[in-house]
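Every chain is named by a letter (A, B, C, D, E and F) in the order it is written, and numbering of its residues begins at 1.
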Amino acid sequence: MSVIDLGFIIQRPPYKSETSTLGLTHAISYQVVDMFLDDGQGVTPKVCFIGEGVFNCLSGHKAMENYGVTSIESHVKNGLLVDLDMYVCKDDLERFGITEDKLADAEDMGADKKLQIVPFSEIQTILSNTKHILAF
Amino acid sequence: MSVIDLGFIIQRPPYKSETSTLGLTHAISYQVVDMFLDDGQGVTPKVCFIGEGVFNCLSGHKAMENYGVTSIESHVKNGLLVDLDMYVCKDDLERFGITEDKLADAEDMGADKKLQIVPFSEIQTILSNTKHILAF
Amino acid sequence: MMKLGVFVNDFKSVVDTVDRLTAEKLGLIFIQNGVFHATIKENGKSSSLLDKSATFYVLSEDLSTRGLTDADVDKRVKVVNYSDVVDLIFNEYEQIAWL
Amino acid sequence: MMKLGVFVNDFKSVVDTVDRLTAEKLGLIFIQNGVFHATIKENGKSSSLLDKSATFYVLSEDLSTRGLTDADVDKRVKVVNYSDVVDLIFNEYEQIAWL
Amino acid sequence: MGTLTIASFSSLVGSRSMDFTLKLAKAAVDKGHNVNIWLSSNAVMIAKANQKHLKDYSHAEKYVKELMDKGAEICVCEACALARGIHKPEAIEGIKWDAMHWYLAKIYNSDRVVHIGGE
Amino acid sequence: MGTLTIASFSSLVGSRSMDFTLKLAKAAVDKGHNVNIWLSSNAVMIAKANQKHLKDYSHAEKYVKELMDKGAEICVCEACALARGIHKPEAIEGIKWDAMHWYLAKIYNSDRVVHIGGE
C-alpha cells in the first residue's frame, strides 16, 4: 500500500459554520502529510461538492471585505493550485440553475486543474473507490 | 406597564444541541427576574412547543443515566412546577402520531399546571399577544 | 396588530416555523444562507417563501460574501445593509423572530 | 464492493445525501435525533429512509434518552448499543459516513 | 433613540451568527441606540481573552471591546462559561458575568429584542 | 484488533455529538482497539482544562483523561484553539497539539475512520 484515496464530501452551504472551509483546508493539507509518513506513503483527497455544498463553488466571494475572513473561494482556488481533484455535482448545479461560468477558477493563478462538473452517478463511483469518507 | 408577556418558541428536537434545554431554563428564570426590576415589574413566559420541538415533551427521558446531564423532561416538569404556561402544538402531535399519554407531567410532584395541547392557530394568537419573541 | 420581522438564515434546512407563522404586517429578512431564497430558482421555481404575503429584504453583505450580486436578486426582494436592518427593527416591526 | 455504514443523526433536517448515496452493502445507523426515523410515523407513514435497500440499526441509548423504548421501534430496525456499533464499524462495513 | 437587546447562542468562530450579532450591534450603536448583548451557550466563547487573530477565522475580541467602549453592555452566562472551563480571570475585561434573569430583565426594559437561537 | 480514528468538530456542551465521540471511543478502547481522536473547529473546547461539572451540562474532561490513560491518542487543531483564545498552558495535560496533516496521517494508518462533521 502506498497512496490511499480519501473521499471528501462538502454538502453544507457556505459560511453558516466553518465546515466547508475546514473540508477544503483538511484536503489541502494532504501536501504535507508525508511529514508523518514513510517514503512513498500518502493520501489523495477527492473533493466532492454535492447538494447545497455546490454554493461554495460560486466565484466572487467578498468574505474578507465583509467579515474579515479568508473566503471559501480562496480555499477552492488553493485546492486547484495544489492539484486536488475537485468535483461539482452537475445534477445540483442544474437543479439550482447555476451555470459553469459562475464557478470559481484558478487559471489566472496558474492552476492546471479546474473544478470538474460531473453527474452524481460519477461522484458515487468516485466515493466507492476511496478508502475512507470524510463528510463535512 | 407592569408585567410583560414573552413568547418562547421551542422548535428544535431534543439533545442534539443545548437549545431546548436553554429555552426552558431561560423561561424558568422568570421567577427571579425581580432581582433586577422594580416592584410590580416582571415577565411572563408563554412557552410554545412546535414542529420537531414537540419531541421535547415526551416522558421517560433517560438523559442522566445515559449521558450524565439533566433531562429535558426534568426541565419541562420544573417549568410546570413554577406555573409556566406551556403549550404543545396539537397539529404536530397528530402529524407525528404522539398521543397525550406519552407526554411529560408533573402532577406527582404537585404541579397545578399541565402541558396544554392547543392547535397551531391558538399558538399563533398567543405569540401575537406577547411583547417579544424568543425562538430557540 | 402584529408587526413581525423574521430573520431567515437558512436555505434548504430552514425551519418550517417560517412557513407557518403569520402576522398582519410581516417582513422576511434573508440573511446568511437565507439569501439563497432571494436568488436561487430550484428546478426553475423561486422559493415558496416569496409567495407569502410579506415584505422581503436581503442583506447585501451576505449576498456579496457568497459571490452573489444585486442582479441575482428576485425583483420582489429589496437589498438592505446592516444600518437599514437596524431601522427595520426599530421603525417597521415590533416583534422580531430569528427562525 | 462498497460496504458503507452511515450514521444518520437528524430527523426532519437530515441532509439529502443520505437519500442519494448507495452501496452494494449499506447500513443505516440511527443515532441522536436520527432515532425518530425508526420510531415516528409522520401522517401515518414511516420514514422514507426505511424503504432503502439497507440494514437498519438504532442506538439504544439515544432512544431511551428521548423517552422512547424498543416497543416504539419499527420492526425493520435492530436496536444496538455502543459496543455493537463498534463491531458494526469493524466487522460489517469498511467505509463509514456521518451524514 | 431606542434600546435593543440581542441574545446570541452561537460560537465565536464556528458559526457566522456571532459575526452577525456583532455587526448588527455596531450598526445600532452607531445610530445612537442603546445595546445590550446576552451571550449564552457556545457564545460564551466570545468572552475568552487572548484570541489569536488568524485570517481563516473570524475574530471577536476587538469588536467586543469596541462595542463596550461605545457603551454597549455585554454579559455572559456564568454557568455556561464555567462548564466550558472559562473562568472569570481568563475573560475579556469589562464583560459582565451573570445569569439568565439578567437577560430577561434587560428584555423588560428594551424596545426591541433579537434573540438569535437555534443552535 | 483494529485502529479507529475519530474526528470531531462539535463543541463540548453545545452539541451532543461530542458525547457520542467520547462514548464510541470508550467502547472501542474497551474492546481492545487502538483509538485516535482528532478535535477541530469547536471541538477544541474539549481541550480546555478546569471544566466545571454542572449537572445541566455534559462534561468531557474526566472522559478525555480516562481515554488517554487507556492509550487513546487525542490531538487538537492548534490554530482552531488559538483562534478561540485557548493556549497550550490552559489545556488538559497529555492532549497533543498539531495540525490537520496529523489527522490525515492517522487516517492512513487506520482500519476505520468515523469523521463527525457537519457543524
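Throughout what follows, a residue touches a chain if its C-beta (ideal position, glycine included) is under 8 Å from a C-beta of that chain, and two chains touch if they have at least 3 such contacts.
Because the structure is predicted, anything quoted here is derived from the model rather than measured.
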item: Those chains which touch chain D and also touch chain C; value: A, B
item: Farthest chain (mean CA position) relative to chain A; value: B
item: From chain C, the most remote chain by mean C-alpha position; value: F
item: Gap in Å, rounded to a whole number, between the CA centres of chain E and chain D; value: 38
item: CA centroid of chain B to CA centroid of chain C, Å; value: 28
item: Interchain centroid distance [CA atoms averaged], chain B/chain F, Å; value: 33
item: Separation of mean Cα positions, chain E and chain B [Å, integer]; value: 25
item: Multi-chain contact residues (two or more partners), chain B; value: 12, 15-18, 25, 51, 67, 132-133, 135
item: Where chain E touches two or more other chains at once, by residue number; value: 13-14, 16-17, 41, 56-57, 59, 112-113, 115, 117-119
item: Shared interface positions of chain D, touching two or more other chains; value: 9, 12, 15-16, 32, 61, 96-99
item: For the chain C and chain E complex, residues of the former touching the latter; value: 7, 9, 15, 31-32, 61, 82-83, 85-87, 89-90, 94, 96-99
item: Chain B - residues contacting chain E, complex; value: 4, 6, 12, 17-19, 22-23, 25-26, 29-33, 35-37, 41-43, 132-136
item: Complex interface listing, chain F residues touching chain D; value: 2, 4, 16-17, 20, 23-24, 26-28, 30-31, 33, 111-118
item: Chain B residues within the chain C interface of the complex; value: 7, 9, 11-12, 50-51, 120, 124, 127-128, 130-133, 135
item: Partner chain A, residues of chain D touching it in the complex; value: 2, 4, 15-17, 20-23, 95-99
